[in-house]
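Dropping the structures in below, format is structure tokens.
In what follows, chain A forms one complex with chain B and a second complex with chain C.
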Partner chain A sequence: MATTQTESEADAATEVGSVELEVFRYVPEEDDEPRFESYTVDAEEGTTVLDALIEIRDTEDASLTVRHSCRMARCGSDALYINGKQRLACNTLVKEVGEPVKVEPLPRFDVIRDLVVDMEGFYDRMEAVEPWFQPSHEPETGEEFLQSPENRKNIDTVLDCIWCGACTSSCSPAGTDDRFKGPAALAKAYRFYKDEREGEEARKNRLRLLEDAHGIYRCHTQFNCTEVCPKGISPTEAIMEMSRDATKQKLAFWRR
Partner chain B sequence: MSKDTRVETYSRGLIEDPSRWKDWMGGMWAFYLHRFTGLVLSFYLVMHLFVLSTGYWMGHETYTEVMQAIAAPKVIHVMELGLFAAFVFHALNGTRIVLFDMMRGLEIQEQLFYLSVALSFAIVVASAPFFLLG
Partner chain C sequence: MHSHEVIVVGAGGAGLRAAIAAHEEGADVALVTKLHPVRSHTGAAEGGINAALKDEDDWEDHAYDTVKGSDYIGDQDAIEAMTEDAPSEVVRLENMGMAFSRDEDGRMAQRAFGGLSFPRTTYASDKTGHMLLHTLYEQVMKRGITVYDEYYVTRAVKEDGECHGVVAVDIQTGRVEGFQAGATIFATGGVGEVFSHTTNAVSCTGDGMSIAYRAGVPMEDMEFVQFHPTTLPSTGILITEGCRGEGGILYNSEGERFMFERGYAPNDGELASRDVVSRAELTEVEEGRGFEDGCVHLDLTHFGEEKIEERLAQILELARDFEDVDPVTEPIPVKPGQHYIMGGIACDSHGATELPGMYAVGEAACVSVHGANRLGGNALLELVVFGKRSGRHAAENHLTNTSKSAVEDVVAEEQSRVEELKDRSGGEHQSEIRADVQEAMTEHVNVFRSEEGLEEALEIVRDARERYESVNVHDTSDTFNTDLVQALELRSIIDCAEAITLGALERDESRGAHWRYEHQERDDENWLKHTLVYPGDDGPRVEYEDVEIKKYEPKVRSY
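Showing the complex of A and B:
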């Protein structure tokens, strides 16, 4: 039994051969303009783009800078623009994207160095939607705010967000409009909007925070965010549901 | 947006880089086509009102003359067909967008876009004789 397993593992690790990578380079102390540099690395069946970048950094060019941490699509540090799409480098196999593998930092984010971008603006946007639990009253001693399983189901997908910034980078309204919070932040807002434990008042306040020309209505349903999200979240769906609710409330003026 | 002031950063621009058009996915094409046909239709509307206003300001004889002069060249009929194509796509894709507002068809948005393109194509081809031969 043990031998079969080793054999199949050996099969899986067959060499794909050398793979060419074109990597975006920008070293602020040396370069005035960014440039692309080609590297060749040996890749196997399961080599991810992040593996290849680490290989380059370890063996070819120690100056290459790339953000990474968990290497298992959990931390969201290594969202990059790989062959025309925002992807997590650790979650993308070299062989699945085709050669040469063109690696760029996230578009519409300012580049600090090489593949590292400035995420401050993104975090500001995430914070702007008040992504924290706002109960209607302070909990009494021993009181718990319990969520029903049915209610929890609503936010199953949006909870998976790892704040990698891929969607916000792919969203052209988010790029051109600073006040638009972008798909990630609005999906986060949706997570709290759907939380029934906060009560009706908080729900209305959350919607009021979002409904203007620079809020939910700014979404042009390009679906870029949905296409690129490495966790399979559909921020477009979240935004559309919130804007539908907001519009319904606006139309039902006699009830106010 | 606040900036990380500890370091100098390089801005790669915020607007969609047109050189990336090969990587656009269905939804992005739908967005740009919808915008483009919308611009075409608004431009036409302005021109349309401008031409019609000759009847009001300059009398019906001038109006008839202007209309005949405009309708004479063959290229105008081709342009009319183009305008019709823009209208059909804008209407069909607009329906697709209204469906999204009602939370319908979000999972099949790309297929819906291709459907609206295919339908517009079929409608335009079917009505081409009325524009070109009529």
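Showing the complex of A and C:
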């Protein structure tokens, strides 16, 4: 945002004065251990934490490193730990979090450098739930699957996931169990689990895949993930629903 | 050294679709991206994807709308190929699981969009790009296609008049690595970072266009840059055309529905094509009927909260979070902002460029289907139709005699270029040069263009190129050095800015998104042709090429 905002636009905004940021810094080939660096930037009413970080990088310290791209809470690159909570830097206003603004990389992820963390483990977790459409049958060429607007609405609750990792970073079971799929991956699984186009057989298979010791039952229903999700998704509720369904199926089996 | 039959550079919608198509043809294909696939800017596309799906609709009407939208400079054979393939490609996306919004009967929902004679924009709320990007990436995971993420491609390997692959910096480690390939497809997206007020992500730096150009492949029709009529004034964030498609109204400060009342588009009003609406808005502002920050108002308050939440949920979030405006109760201030480039790497309708082994697709390419002005809903369509075609063609026709040593030579050369950049002292920082280019382009190469302004912009851009010769990278580390990546990107920005400005200066007519004060009419006699900018020893060389006209003869364009 700061790189794309022209001066006239900046003039029109309301000044909120100088703001202090404490930023986590770590460059592996230069630093023995991480440190915090203090910076001061001039902020306006609409200045986001990402704006402030870009301002520091472009004018003060070009070595400050943060992943970012779309600057509109869509690409999911810039989930950070800001004043003790996982948030997207691009849609968090400096004035809303209080001073000093303490900016750290996502907890429970390995740091590559500064605010950049290793996402590979997160991507592996996503992939482990087979996050691709598994329809009940191959359609004829040119034939679309029908889906009721109600069913489409049901999956709308989780479709907005941008893979930012905020939820997984906030989740204590995900922190202690590497094989636990974690909230983002389970919410992704739920997106397919609830999609009526996949059919009953696929639904059962998906539950089976998620039922092991590192799956849905690992969730402690602490709602941390729900609390931090920048897109308003509740992985906890999705996981609880799948757990209930799995339990019901088991009971149905024993009652037979 | 990595080696694959087909390498796709860029993993947005076009790149992913191309990789899937190549894989389906049995090729060994890999994706190389400077981001991770789900971070790509396709995800920010909001409105939808056009296809004549309904019985009452006809792909030939879609073709005509696109030709008219292009102001008759789109190639009609390519436009027909795209619009005829559109229904099957959109159904294909659905079959891959993409979560389109649905009508009561369970079929994919469609809505009205600018410049279309039928409501054929298929959508997924106002997050169509997000759904499309994630669906295609799901299919890439399913197929186990290799993805090299966070690799920044710096150069194409050219030897004996053929493309042998690319060389890239692994951003995480700083290592320079070679990718040998029998076919290289550039799907690197647009050039938003050439401008200061843009809807685009900061990653849209025109890298593919610059790399292809430096390998001798021309950039085509770069002067045609789309300025979207509804962007947020403080950030440039996009407010989808879907707002107007659903019935949103544009007002000036006198409370007039100016698109109709001031005669800009007596038939279609707010749903005229984007170039027409952007010019109308700026005319209103220039004549004193705008609001603060050079804005007009986009009013959705008559929709009610439920409709906005269902169909334009993201707009609600963006306006509230980034402009502090609640669209349920108050109008959204909007102004034109750079959004898309119709031009790009010159290629045919299979994505093949002049250089054997090199392909282009998506916004990075110029097929050309958008001509002088792209219609909303045709960009996502271009990605999937030409993604499939280029991936398939590359898989079937890739070179088999590429040279490993040619790639190794370029790895060594790029390695020393990177080292030299990092070792420099003195000179200006890349962020200063970048900002100057962006501001000059936004001031002078915007919706309205004058000869004087274009000449000034060209001078600033050429000066930036000289300053770049001694550009200074402050960060000397190897690990995730974004200062270095931005310095490398700046060269792409300068290359694209020069081609855009030069093309605009030469084209002394007004057509589509390109409008000149001195020549306010379209001039078919002299300018019914494509601009091709080639690299030359003394800077860019401009050539021209005929437009492919089939059944639609140019006529006066009005909405």
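Everything that follows uses one rule, which is that the second predicted complex is superposed on the first by the 241 of 256 C-alpha atoms of A that agree within 3 Å, B and C clash if a C-alpha of one lies under 4 Å from a C-alpha of the other, contacts with A are read in each partner's own complex, and residues count from 1 in each chain.
The working rule: a residue touches a chain if its C-beta (ideal position, glycine included) is under 8 Å from a C-beta of that chain, and two chains touch if they have at least 3 such contacts.
Nothing here was measured: the structure is a model prediction, and the numbers come from that model.
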(message) Under the stated touch criterion, which partner chain does A:E144 make contact with: chain B (first), chain C (second), both, or neither?
(response) second
(request) Figure out whether A:R244 sits in contact with chain B (first) or chain C (second), or with both, or with neither. (result) first
(request) Please indicate which partner A:R203 is in contact with in the superposed arrangement: first for chain B, second for chain C, both, or neither. (result) neither
(request) Have a look and say if chain B or chain C is in touch with more residues of chain A. (result) C
(request) Kindly classify A:P28 by the partners it touches after superposition: chain B alone (first), chain C alone (second), both, or neither? (result) both
(request) Have a look at where A:G84 lands relative to chain B and chain C in the superposition and call it first, second, both or neither. (result) first
(request) Return first, second, both or neither, reflecting whether A:E227 touches chain B, chain C, both chains, or no partner chain. (result) first
(request) Identify the partner contact of A:K102: answer first if only chain B is touched, second if only chain C is, both if each is, neither if none is. (result) neither
(request) Using the superposition described at the top, list the residues of chain A that contact chain B and also contact chain C. (result) 28, 112-113
(message) So in the complex, the part of chain B that touches chain A is made up of which residues?
(response) 1-4, 7-17, 20, 22-23, 25-28, 30-31, 97, 100-103, 106, 109-110
(message) List the residues on chain C that touch chain A in their complex, please.
(response) 35-36, 38-41, 43-44, 87-88, 91, 94-97, 99-108, 125, 127, 130-131, 135, 138-139, 141-142, 172, 193, 195-198, 201-203, 233-238, 292-293, 317-318, 321-322, 324, 429, 431, 434-435, 438-439, 442, 473-475, 477-483
(request) Give every residue of chain A touching chain B within the complex, in rising order. (result) 26, 28, 34, 84-85, 105, 107-113, 118, 120-121, 124-125, 172, 175-176, 178, 220-224, 226-227, 234, 236-237, 240-241, 243-244, 247
(message) Residue numbers of chain A touching chain C in their complex, please.
(response) 1, 3-6, 9, 12-13, 27-30, 45-46, 57-59, 62-63, 65-77, 91, 112-114, 116, 119, 123, 127, 130-133, 135, 139, 141-149, 152, 155-156, 159-160, 162-163, 191-192, 195, 197
